[in-house]
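In what follows, chain A forms one complex with chain B and a second complex with chain C.
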Partner chain A sequence: MAIELSAVRYRYAGASVFALRSIDLRLEPGRVVGVAGANEAGKSTVCLVASGLAPGVVGGLLEGSVRIDGVETATLRPHELAQRCGLLFQNAATQVSNTTATVFEEVGFGPCNLGLPVSEVGNRAWWALRAVGIEKLAARDPARLSGGEGQLVALASVLALRPKYLILDEPTSELDPAGTSLVADALGRVARETGAGILLVEHKTDVLAQIANEVVVLERGAVALAGAAAPTLADPRLAELGVEPPAAVRLERMVRAAGLEWTAAVAEAIE
Partner chain B sequence: MAVTRLPDYVVRRPSGFYRSTNPGTKLAIAALEVLAAFLLPGWIGPAVVLTAVLATAAVARRLRGLATFGLAASPIVGSILLVNLFLLPGASDPIARLGPLAPTWSGLWFGLQTIARLLAFSSAIALVYLTTAIDDLLADLSRRGLGRRAIFVVGAAVQMVPLTIERAGEILDAQRARGMDTEGHFWRRARGVLPLAGPVVFGALTEVEERTMALEARAFSAPGRKTLLRVPLNGRIDRVLFWAALLALVALVGVRLAGRLG
Partner chain C sequence: MTASGSPARGSTRRVPPPPAPSIEFEAVSFAYPDGTRALADVSLRIEPGEMLAIVGQNGSGKSTLVRHLNGLLRPTGGRVLMDGTDIRPVHVAHLAARVGLAFQNPDRQLFAGHVSAEVEFGPRNLGIRGAELAERVALALAAVGLEGVAGANPYDLGYSRRKLLALASVLAMRTPVLILDEPTTGQDARGVARVQDVVARAAADGRTVIAISHDMRFVAECFRRVVVMRAGRVALDGLPSAVFAEAAWPELRAAYLEPPLPAVAGARLGLGATPTGSEFVAALAAGLRNR
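Then we have the complex of A and B:
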């Protein structure tokens, strides 16, 4: 049971260069895999390919194998993929359906599309709102939310389809520190409480340090670093790959560079 | 956890005169009014429609909103009047001579009648907008069998108008912050529109792909009928009005095609 990308190469329609050159990646339920990398490293493309939207919806050429629980994504239709693997984009505003008057209905939009009974739609909407911790927003107009709130509604909307895996493409990139913290806390809660496997593309490495079990760093469409989150995020090669280490790692380096002692108590206090 | 009922804010019913009328019925009535404004001869069409719309708006307490729509139409109203007043082909009954220009009585008359038709047409549609929640309209269209893609296009188009205006305001502020002068006389303001139009139009186009993918990620293309959380009421009076409006509409077109309306 996992999303598995094996020897994946992908080229967008009309492009002469492969955006992904060699990707092997595995995401199991209950695990959070962080993906980092500089601009043009292929992070968003990994999201589209892993979720099956590329080449299924966006076109292009895919080589290698992308499987969700052993089933090739190419054999699944978009609504079947959506129930196995939820995808969240950077911009909350483009994920609102623009056809609903309340957040509750917005979160129920996906289950309604599946034609589920009204009671089941209601159950799923409440469950997703609670999982993300935004029940208090249920009666609000989805078009009139802050960036952080909007992104949480988008997350709940995807969750309402009860996917076993979530793929999140820089969900905090357009948010201020307060919004980032809101979303990061919600992601941690979702990971703990739903048991979903989460592939989290994020350039804010502090968020990855907070919730990821493993981290993969991409460089020009290939995996450059991979491993358990803490050692990977402390790897000295991270900066060369265009990724800023988490604040705690930078602080530790500064303390050591100043010739001071970095004790376990200090590290714990910072965390 | 089992949900026994949906929250009140989801199953809410609109209340008040005309606001509680079924959205599809209101659309049928508006369609009849639009056709009547243009097909009935002379002043009869616009007069009948405007009287009906204004009376309905007054009782439904939507006159102020209607007035706002009327004000928004004032530039086009002014231009229609000016063009007909001075340039109506074949008009030869001048009101006065202003150098090379000669406004005519028939131009004035025709211009006023065209404006009345335009106001009747736009206010009939505006009244539907002012008395109907868009999601109620979409739910009713869905109940009547309109496809989910068509419904999404209608809903997204209506909802995109205020969002686009909001975005245009943000871009205008950003352009001003970078020194663009958007105040002052007409040509200076007009020059300011170009750098605004580019980001608004291209921004909307580049968002389309992400919106499409976001919809697919929410099972938009799933086969079968979509679940409706709230079905607008369609009582006996609504149904009678709906069919009466459709019959009147067909009769009006038929009579017009038969050449009986002059």
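Then we have the complex of A and C:
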């Protein structure tokens, strides 16, 4: 049981270069796998490929194998993919259905399309709104939200589908620090309590330090670093790869670089 | 990093921008037409050449506040003064020569067919032509590291580079006041370093720099004054060492903000206010010497 990418290469339709050159990655249920990397390293493309949208919907050329629970994504139809795997786009505004009058209906739109009974649609919508802390937006018009609020609504809409795998492309990019920690807590809880596997693209490595089990760092379409979250996020090569280390890692490095003693008290204060 | 043919970095100072005005918000209130009250009685004085960061929760009024400086919004109560003069009667086009604003979402700003045309648009509207125009475009693109893509279509660039392009377009106008709305979102470590560099150089040129940000490390390291907004009001206003000091944490948290890690670690170790990593390390070293 997993989403597995093996020796994946991918080229967008009409592009002359491969956006992904060599990707091996495995996402198991209940796990959070973080994806980091410099701008244009291939993070969003990995999301499209892992969810089966590329090449299925987006087109382009895929080499290697992408399997969801052992089935090649190329053999699945869009609605079959959607039931297994939920995808949150980087620009959340492109994701809103524009067909609903309230945030509550927007979040219920996906479960409704799964053909669930009305009571279950309602339960799921409330659960998802609560999970990201936006119950109070339920009656609002989805077209009249701030950037941060819109991003939380889009995330709730994906969570409400209760997919086995969640693929999230920078879900906190427009959120303030409080919104960011709220989403980080919510995603950690969703993975633990619903057993969903979460692939999480994030520039904010503090979020990855908080909830990721493993971290994969991309560079020009290939995996440059991969492993358990803590050691990968403390890897000295991270900065060269264009990724800002978590605040605690930076501070520890500065203390050591100044030749100061790394005592237990200092370590505890930085924790 | 300078590509062949583009001028060296230091020459931005050859033509310095006009002197920065003093800015004063005098009991400014603003309500959007639907009744949403975004600013409530904000009074704030910003001296020429100040480096000011505005922080606060989503929806606390930060963007609304800065849009009063270039006339995109006009106060529904109170006044905005520049060099002591109320700017209400001053047309947006005239304010544009004094105040440059880079939007949070670059896609609300970019429209031209290629990158250098995008950057030319602002200074061209200010009447700049010929060699000076070409020089301004080259310098602005070099400042954000986009000198290699001058001929590209803006929408062929990824989000982070579109955001840097929007910044370059505003830099090329050489306005004495530079406002950046969330300049570091979506940037990787190198992009953040570029933005920090742009801020430092603008300040060195004597420009007033005002940035809105959720990135507390960027704020603590680059700015000398931090204004915390909460529900349309100024909740805190001071040096980073004061705003991020332990005594201010309850107020910060009420504004849904967290102090940066060096400030938290410094307080835990009794080192005083250490909003940045280097201040934390210096205080730690001093503490060890005195022991």
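Everything below uses one rule, namely that the second predicted complex is superposed on the first by the 257 of 271 C-alpha atoms of A that agree within 3 Å, B and C clash if a C-alpha of one lies under 4 Å from a C-alpha of the other, contacts with A are read in each partner's own complex, and residues count from 1 in each chain.
One rule holds in what follows: contacts are C-beta pairs under 8 Å (C-beta built on N, C-alpha and C of every residue); 3 or more make two chains touch, one makes a residue touch a chain.
Computed from a prediction, not measured in an experiment: that's the story for all the values here.
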item: When both partners are placed on the shared chain, which of chain B and chain C touches more of chain A; value: B
item: Contacts of A:L161 with chain B and chain C, given as first, second, both or neither; value: first
item: Partner chain(s) touched by A:V132 [first = chain B, second = chain C, both, neither]; value: neither
item: Touched partner set for A:A50, first chain B, second chain C, both or neither; value: neither
item: Which of chain B and chain C A:S173 touches, first, second, both or neither; value: second
item: Contacts of A:A19 with chain B and chain C, given as first, second, both or neither; value: neither
item: Contacts of A:S119 with chain B and chain C, given as first, second, both or neither; value: first
item: Partner chain(s) touched by A:A143 [first = chain B, second = chain C, both, neither]; value: first
item: First (chain B), second (chain C), both or neither touched by A:A247; value: second
item: Doubly contacted residues of chain A, that is, touched by chain B and again by chain C; value: 91
item: Interface residues, chain B side, partner chain A - complex; value: 1-3, 5-7, 9-10, 133-135, 138, 148, 151-152, 155-156, 159-160, 163, 207, 209-229
item: Partner chain B, residues of chain A touching it in the complex; value: 48, 51, 53, 57-58, 77-79, 82-83, 86-89, 91, 93-95, 97-102, 104-105, 108-119, 121-123, 126-127, 138-139, 143, 154, 157-158, 161
item: Residues on chain C engaged by chain A in the complex (per definition of touch); value: 56-59, 104-105, 158-161, 185-192, 214, 216-217, 256-258, 260-262, 264-266, 268-269, 277-278, 280-281, 284-285, 288
item: Touching residues (chain side chain A, partner chain C) in the complex; value: 37-40, 90-91, 146-149, 170, 173-181, 203, 239, 242-244, 247-248, 250-251, 254-255, 258, 260-261, 265-266, 268-270
